[in-house]
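Per-chain residue numbering starts at 1, and chain names A, B and C are given in the order in which the chains are listed.
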């Protein structure tokens, strides 16, 4: 746990954890609203977003990429909603139509443009490159107090820290409207709450989290973190606030364990190369969910329910 | 039955043209709602008096719940408007408590009974205001009024249908409103719950508040309600139960679905 | 352009022709199988299965290399993907049955976790000496360029077998998809037929991996049934319609893709299907957006016209701007809002019809009638002229309406 750890593992672990938190927070509400797969749809359309942003601006700078991805996510959400309403198609099918269409468009545009000089490719979008987000200037734990080294932290870390903070604030600020409109839409409308706006805001927030996280960690972690930690947390408790707490614990646990297993696991098994950290984090979150399904105290449906 | 009495009965069902002195609790003009090709509710006018218990009555699929939800702006209207105590709906939200149908929510939601009742205090507490001990006391008092004090910390998924309905009523009580709108409050509940709910509602009326409920059990209309509004897509009749809930109006509302003898019995033999 | 025609006529080479035929067959089977998923509202289960194929591909490759092969046998890779796809499906079903989690959460969890495991295995494969040229990444997005003849044959054969299975199973599957209880009463084993449907979905997914790729293969299962739904309400037609839409997308997509460079097969097939979808969404005769919009505007105008005429009949003022516009357009009121002679005439007729309805419901006491007393259906559509004449005898002479 010395200089090497700080230089090579600390920042990826932090970035992975922050990305996981940013996705798990809105994931809790999406899960309860039966919209868990919105995260799936959003993360698929991030690719066309960044491809178009690259075509328009010609650069790979972070800000246009993020804006492009966010725009694509909003286009996807609006498209899903439009298909659902206009065509009277059930939500699952509407989602499937929208995200395959936009994803195919993204791949086609990517193939049609000469992006060989720059590094956007589909695999990167799917798997991210968490391992490469190292802290070059760090020489040990002391670098945490060295302004020059701190200034050289990977920008993904700063970006995700900001996004995770904003999402936490928003969740805290809109806790009551979110909770009421998620539980009882009719009552919320009776109170005069802007239920449609709250739902749209939630999805946009989820899109922002997905976009900020995907660049660093790829869309697999994004989908897994939207769904697995909140789903496992739901099986641990019957209280919403506690559920959100558990989901954050599970998200961080998946990120840390997944990264460590991907980096060091193969070495322990005698192999010489690390495996994909993003994939391993998703796998660990799956193991946590499986354990919650088997042993979670609130895993089963109970009571007489609505009749 | 001859044509003259028929036409009289219909004429009596027209809305009163002269405005009453005090504004009604809920007044609806020209409300039309459609789910597609045919109207679910067509051009309905209705007036529900203050300090009274009113029933919205009609057969299945007659648009009772649709009417209530559209009046409250919960579902979109094709035309029409609603006023509450003479004010536009949006200015009177604080004075309304709405109790949705029990089946409309996900009872597997991770929350407790007390938490649901506290939702009724949302407009008073605001976005970030702290829930204090006095709020909790208020919520517990409301649970006491519906006989659910011992269930405050239960997960809502563990409740029976009747208990769920009582929790919804307690949440509405916490809102401390002047107009209570209930969608099928007695649907699928046990006899004890029905008793408890009607006692609470009569208590509200006693305090000068208005209650409007979508109601499907014709046999209890006379004993529970003061005012009745009969609907079957169109407005059929409205007025005090004693004069409006008659064999004629029931027959008009339900058509051949009710046996004539049964109708007479329900209407209390008035004709 | 000529290259596109060549491709459409299967003249761009033997492999391309095989791929186009395979894609068409696959699209047809996908559309038909997807119809059953769509009708059971389980469209996205196929997405979980598609993503769950990835670990199977990786494991099959590792296993083949470990046994001394080069790991490139397409049938074995596809068999491996089928195994994990089934595991993924079982995992979704188990979660839904044994926990409180809803199906969409189970789908998302299985999809991302299996895919994550697959990516881990892919990185393992990349570190193996044989793995660098394995081209397993092609399974993500599909790739038909440079495909071996044997692979093209596998796909065409797989597609053909899937279509054959659809045809053999069409009756029992239709019965189960539309009325499982009735099917059971006929002695059909609904659970086994359900399994057959899922097996068919899995077969389409697996065979399509190489052409469309696992991220987009669900498009072949989801989009064609949605297209077909726009054009028909009937079950049997929907299956064949979806098959047709899927087959057309597969064939056109593969042909267009073969006609030029830089047109990857998978995305083109999906985009052709999407184009058919958007056309249907817009133009379908009953469920299409244009048709619905026209219908809604007409309906709204009818409602406002009727309400306005009733107000005239009762001598009440009209405030609603749309009502005023509708009545003015028909010359039923003057620009200042006062009813014209024509308006008063129509209002009188409507007022009389209202009274006729009142009587009709008394006289007939027919439950079926009350629902049609919706304020819009003309009384002539419900009753014969002699019945109406009978009501009029109860009513007496029509009354004039005051302006």
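We adopt the following convention: a contact is a pair of C-beta atoms (placed from the backbone, for glycine too) under 8 Å apart; a residue touches a chain by one contact, two chains touch by 3 or more.
The UniProt protein names, listed by chain, are A, C = Metal ABC transporter permease; B = Metal ABC transporter ATP-binding protein.
What you see is a predicted model; the values in this text were computed from it and never measured.
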{"item": "Least step count from chain A to chain B, where 1 means the two chains touch", "value": "1"}
{"item": "Innermost chain by mean C-alpha position", "value": "C"}
{"item": "Taking each chain's C-alpha mean as its centre, the one farthest from chain C", "value": "B"}
{"item": "Pair of chains whose C-beta contact count is the highest in the structure", "value": "A-C"}
{"item": "Inter-chain centre distance, chain A versus chain B - centres from mean C-alpha coordinates, in Å", "value": "43"}
{"item": "Whole-Å gap separating chain B and chain C, where each centre is the average of the chain's CA atoms", "value": "39"}
{"item": "Centre-of-Cα separation between chain C and chain A, whole angstrom", "value": "29"}
{"item": "Junction residues of chain B, two or more chains touched", "value": "108"}
{"item": "Shared-contact residues (touching 2 or more other chains) in chain C", "value": "100"}
{"item": "Chain A residues counted as touching two or more neighbouring chains", "value": "234, 298, 301-302"}
{"item": "In the complex, chain A residues that touch chain C", "value": "31, 34-37, 39-40, 44, 83, 86-90, 92-93, 95-97, 100-101, 103-105, 107-108, 111-112, 122-123, 126-127, 220-221, 223-224, 226-228, 231, 234-235, 262, 266, 271-276, 278-283, 285-286, 289, 293, 296, 298-302"}
{"item": "In the complex, chain A residues that touch chain B", "value": "32, 173-174, 176-177, 179-180, 182-187, 189-192, 234, 237-240, 242-243, 298, 301-307"}
{"item": "Contacting residues of chain C [partner chain A, same complex]", "value": "38, 41-44, 46-47, 94-95, 98-102, 104-105, 107-109, 111-120, 122-124, 127, 137, 140-141, 215-216, 218-219, 221-223, 225-226, 229-230, 262-264, 266-268, 270-271, 274, 277, 281, 287, 289, 292"}
{"item": "Contact set on chain B toward chain A in their complex", "value": "69, 72-74, 90, 93, 96-98, 100-112, 115-116, 119, 122-123, 125, 127-128, 155, 157-161, 164, 171, 181, 188"}
{"item": "In the complex with chain C, residue positions of chain B that touch it", "value": "1, 3, 6-7, 10, 30, 32, 34, 37-39, 42-43, 59, 61-62, 78-79, 108, 232-234, 251-257"}
